[in-house]
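Two complexes come next, and they have one chain in common, chain A, joined by chain B in the first and chain C in the second.
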Partner chain A sequence: MELRNYLIAIKAIIKKDAKIFFRYPANAVFRIVEPILWITPVYFLSKAFQINGENIGFSQYSGTTDYMAFLVIGSIVSSFVSAVMWGMGFSLKNEMDVGVIESNWLTPIPLWVQLIGRSIFSLIMTTVNALTVAFLVWLMFGFNIAGGILMAIVTLLPMLIALYGLGFGIASLVLITNNANNIIDITNFCLSMMSGESFPITVLPRVLIPISLALPITYGYDAIRGILLNTKTLLPIPVEQGILVLFMIIGIFVGYRILKWVEKYCRTKGNIAFH
Partner chain B sequence: MTSYAIEVKNLRKEFEIKKRNGFFKRNKKKEVFIAVDDISFQVKKGEIFGFLGPNGAGKTTTIKMISTLLRPTSGTAIINGINCVERPMEVLKILGTVLTGERSIYWKLTGRENLEYFAAMNGITGRKAQVKIDYLLTRFNLDKRADETVEKYSTGMKQRVALAKALIADPEILILDEPTSGLDPQSTLNLRELILEIKEEGRTILLTTHYMEEADQLSDRIAIIDHGKIIAMDTPCNLKKGLNKTNIIVLELKDWNSSTEERIKGIPMVENITSRFDDIAQRWEVKIHMVNGNDSINDLITNIISTNNKIINFRVEEPTLEDVFISLTGKSLRE
Partner chain C sequence: MSILIPIFSVVKKEWRIMLRYPSWFISFIIWPIIFPFGYIFTAKALSGMESSSLAQFQSIAGTTDYVTYMLIGTTIWMWNNTMLWSFGSSLRMEQMRGTLESNWLCPIPKISILFGYSVSQLLMSLIYISLSVLEFMIFYDFKFVGSPLLALLILLVSVPSVYGLGFIFASLVLWVKEANSMVFLVRGIISIFCGISYPLAVLPSWMKPISKFIPMTHSVNALRAVISTGATMDDISGEMLFLIISGIILMLLGLLAFFYTQRKAKTLGSLGHY
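Then we have the complex of A and B:
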């Protein structure tokens, strides 16, 4: 019975978010245009480094000469990472600012279910967005993938679920600090810097590589590129997939516990009342 | 089975206050502000229980503890036999709450969409939800504009959507925090009528207000709260009866100052004095509580005239809840 109510609530949150999203039509257009604007100068820069149409230096590190495909895959995976974090953290802040957070907390739906609901619409939009952007970039600049799309999705899923744990953590920080943009921006920036969103982590200074290797997302980027582009991976792909599954279990458990603790803290301190 | 819908026992809420010195320094010594100070009361099933007090008295904090948004520092709040802290999700299933402010609903959604959303959040979907939503929209006179976004509604309409939202899950108990705050007089009257209709359906209502006429008109019983403490609790009639030996004398004066006030305070039988300047009429309205006042009216008039003050009007009023509040605290509800 509870599960049924939770699913009904998640569906209602997705529907509500979709309606609000499409009442700002510029949002939809901007979400397609923005990633292309980011990728275009990097494409031309990488072209400037090419010899006979190939990024030889880049291939020494990554095992592929197709920097554009490497970049697009990194950008797509990164957009899913952002979708979970923004979907949870920013939407929570947005509800605080709009003034409806208390109305939502007064429904018999736990906060963690509400957060999952909020991130799902963000993920749906990201999927549509990522496919559109990938298609447009393919038309404009061209890139090749070796195949294995299904396996890449199977690898992405535990990483996304694990990110829900991180999302719970971000939401907790937003609740405590009443600040979303800075927290999400910094977390996002650090994650993409350290986990090799747009470059192979082997180019990082030695001192930073252990940090990068300690981030499970690093193995997500690496495994998905290994599957789709046959790049050199840090570890065998099944091992990297195992790390992601482990990350999923630990991430969800730890994130959930933190969120429950922070929720109790906010109800004690009266934080939500003052937003 | 308990006969009380709400039972509050020794409820207390403390907030830590962090003070800052300059830009960065924070005072190490933490101060504690007691918002609700050990209050106890019961609300019978089917009654409207009014919580009357000035702004900052602790009404909203109490409501938030009862509706599970805040955890009490100590004490308990029991809703239909269910503890608010131990089983909050069960409490929320039988509670409909309207918090103060008009931004408790989504302005970018229509009135109907808001109700659909909150119905689903309470597990109500499909045909059952549609029937309920249509009924509430019609009942609250929102049906003609149900498919417009809430941002285009008046404040009164937004408040009616918020009330309909609280009723969507058919709750046994309704909590209304300052429901008419910010409304124009006509919307206020309409909303008060709606609240009385909701009570007629057999629901229990806990209502906070700082409008004494609202508490008087709507409540079966009232708790008067000030500085986090309940200072009186009874039916409006009994509370006013408690002042039957007190005369409420209202004087409209050209001038009023502290020396005149001190002089009047010196008259035996004068209990409390409150004053306010009426900007429109450009005169002072001074309300004086006097015990067995008939005996001292001569003294009062003589004293005022001796200060060369001009009495524009003079009347004796029946006690109101505001007078009860003044008699208990020595200050007006508006202060």
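Then we have the complex of A and C:
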């Protein structure tokens, strides 16, 4: 019965988010245009290093000369990371600003269910968006994928679930600091960079490589590229998939515990409407 | 005199708000380090373990020092990015908070409000760029081959172009009532057409003439020439002349756009709509 109620609440939140999203069509268009605006300069950067149309230097680090395919896969995975972080953290700040967060907290729906509801619409739109962007980039710049799409999706799933744990953590931080933009922007950017969104992490300075290796997302990028592009991977792909499953279990548990603790703290302090 | 007091008041108000929320300073410290990070390590990966790909980059860009190359480009991009967010969101925020109409009723020249935002933003940018240079020296081993004063002069000569664009942008945001998408679009155009992270020679031939008409391209080129290769005033005179002329034109266009928007908004009564 409780589960049914949660599902009804999640459905209502998705409906509300969809209504707001389609109310501002310029935003919908720019969600497709923006990733292309980010990818295009990197495409031209890769051209500046090409010898006879191939990124020979890049293949020495990664095992593939097709830098565009490497970059597009990185961008797609990053867009899911961003969707969870912005979908959870920023939506809370938005509700604070608009002044509805207190009334939402008074409903008999746990905060974690509300957060999941908010990120689901964001994930649906990200999937549609990522596929559209990949298609447009393929048309504009061209890239090749070896195959194994189903296996790549199977690898992406535990990572996505694990990211919910991270999203809970970010939401907790936003609740405590009342500051969303800077926290999410910087965390999101650093995570993407350090886990190798647009380059193999082996090019990082030695001092940063341990940090990069400690981020489970790194293995997500690496395994998916290994499956789709046959790139050199840091560890054998099944080991990387195992790390992601472990990350999923630990991430969700720790994220949920932190969120529960912060929720209790905010309810005691009464500070959720402050900004 | 009547225009200076409201400008000063806007600057004072903006700084009060900024000091009330000091977390912006953290992003000022972190962004100069992390923003070029992606481009620099992408360039390192693309250059490979042997020197053949880097030699290819050198043949087009004229340097193997891609780190300094990226740092200069990304700093100019960041300056424009913060300016666009500041101009786009300042009037728009007042519109959303419902204070724009009451500000408009004040018996002051309305352009002074925009000038106030400009002065405040310029001060912030000066702090940002100074901090960036300092951090670049610490973390990226950044060095001036040429004159730092000449580099500063290039930045100052670029100010009218950057803020003229900002005035046009602020007027546009009042029209379309949407800041985010507009910022994404304009900063995207700058990053693609101005050679922020790559030499313009790699652009397709139809894109090159467009890039030459954007003042930021000339700011980036002149700064790279002075900082990386020690170019003198004579070497960059063409770029400086373009920046001065485009600055005058963009400033005039910006003022015209603002006055036109102001008149239109008064006639339509749409200032408070969002």
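FYI, the second predicted complex is superposed on the first by the 273 of 275 C-alpha atoms of A that agree within 3 Å, B and C clash if a C-alpha of one lies under 4 Å from a C-alpha of the other, contacts with A are read in each partner's own complex, and residues count from 1 in each chain.
Quick note on the criterion: a contact is a pair of C-beta atoms (placed from the backbone, for glycine too) under 8 Å apart; a residue touches a chain by one contact, two chains touch by 3 or more.
Predicted, not measured: the structure shown is a model, and the values here were computed from it.
Trainee: Using the superposition on chain A described above, determine whether A:I20 touches chain B (first), chain C (second), both, or neither.
Mentor: First partner only.
Trainee: Based on the superposed arrangement, let me know which partner A:F121 touches: chain B (first), chain C (second), both, or neither?
Mentor: It touches nothing on chain B or chain C.
Trainee: So in the superposed three-chain picture, is A:F80 touching just chain B, just chain C, both, or none of them (first/second/both/neither)?
Mentor: After superposing on A, A:F80 lies clear of both chain B and chain C.
Trainee: Which partner does A:V98 reach: the first (chain B), the second (chain C), both, or neither?
Mentor: In the superposed model, A:V98 contacts chain B only, not chain C.
Trainee: Of the two partner chains, chain B (first) and chain C (second), which one does A:F141 touch, if any: first, second, both, or neither?
Mentor: Neither partner.
Trainee: More residues of chain A are touched by which chain, chain B or chain C?
Mentor: C
Trainee: In the overlay, answer first, second, both or neither for which of chain B and chain C A:Y164 touches.
Mentor: neither
Trainee: After lining up the shared chain so the two structures overlap, which partner does A:Y219 touch, if you call chain B first and chain C second: first, second, both or neither?
Mentor: In the superposition, A:Y219 contacts neither chain B nor chain C.
Trainee: Please indicate which partner A:P108 is in contact with in the superposed arrangement: first for chain B, second for chain C, both, or neither.
Mentor: The answer is first: A:P108 touches chain B but not chain C.
Trainee: So which positions on chain A get touched by both chain B and chain C?
Mentor: After superposing on chain A, no chain A residue contacts both chain B and chain C.
Trainee: Provide the residue numbers of chain A that touch chain B in the complex, in ascending order.
Mentor: Against chain B, chain A makes touches at 4-5, 8-9, 11-12, 15-16, 19-20, 23, 98-100, 102-110, 264, 267-270, 272-273.
Trainee: Quick check on the complex: what are the chain A residues that touch chain C?
Mentor: 24, 26-27, 29-30, 33-34, 37-38, 40-42, 44-51, 55-62, 67, 177, 179, 182, 185-186, 189-190, 192-193, 197-200, 203-204
Trainee: Quick one: which bits of chain C touch chain A in the complex? Just the residue numbers, please.
Mentor: 21, 23-24, 26-27, 30-31, 34-35, 37-39, 41-50, 52-54, 56-57, 60-61, 176, 178, 180-181, 184-185, 187-189, 191-192, 196-199, 201-203
Trainee: Touching chain A in the complex: which residues of chain B?
Mentor: 15-16, 61, 64, 67-71, 89-90, 92-93, 95, 97, 99, 101, 103-109, 113, 116-118, 120-123, 125, 149, 165
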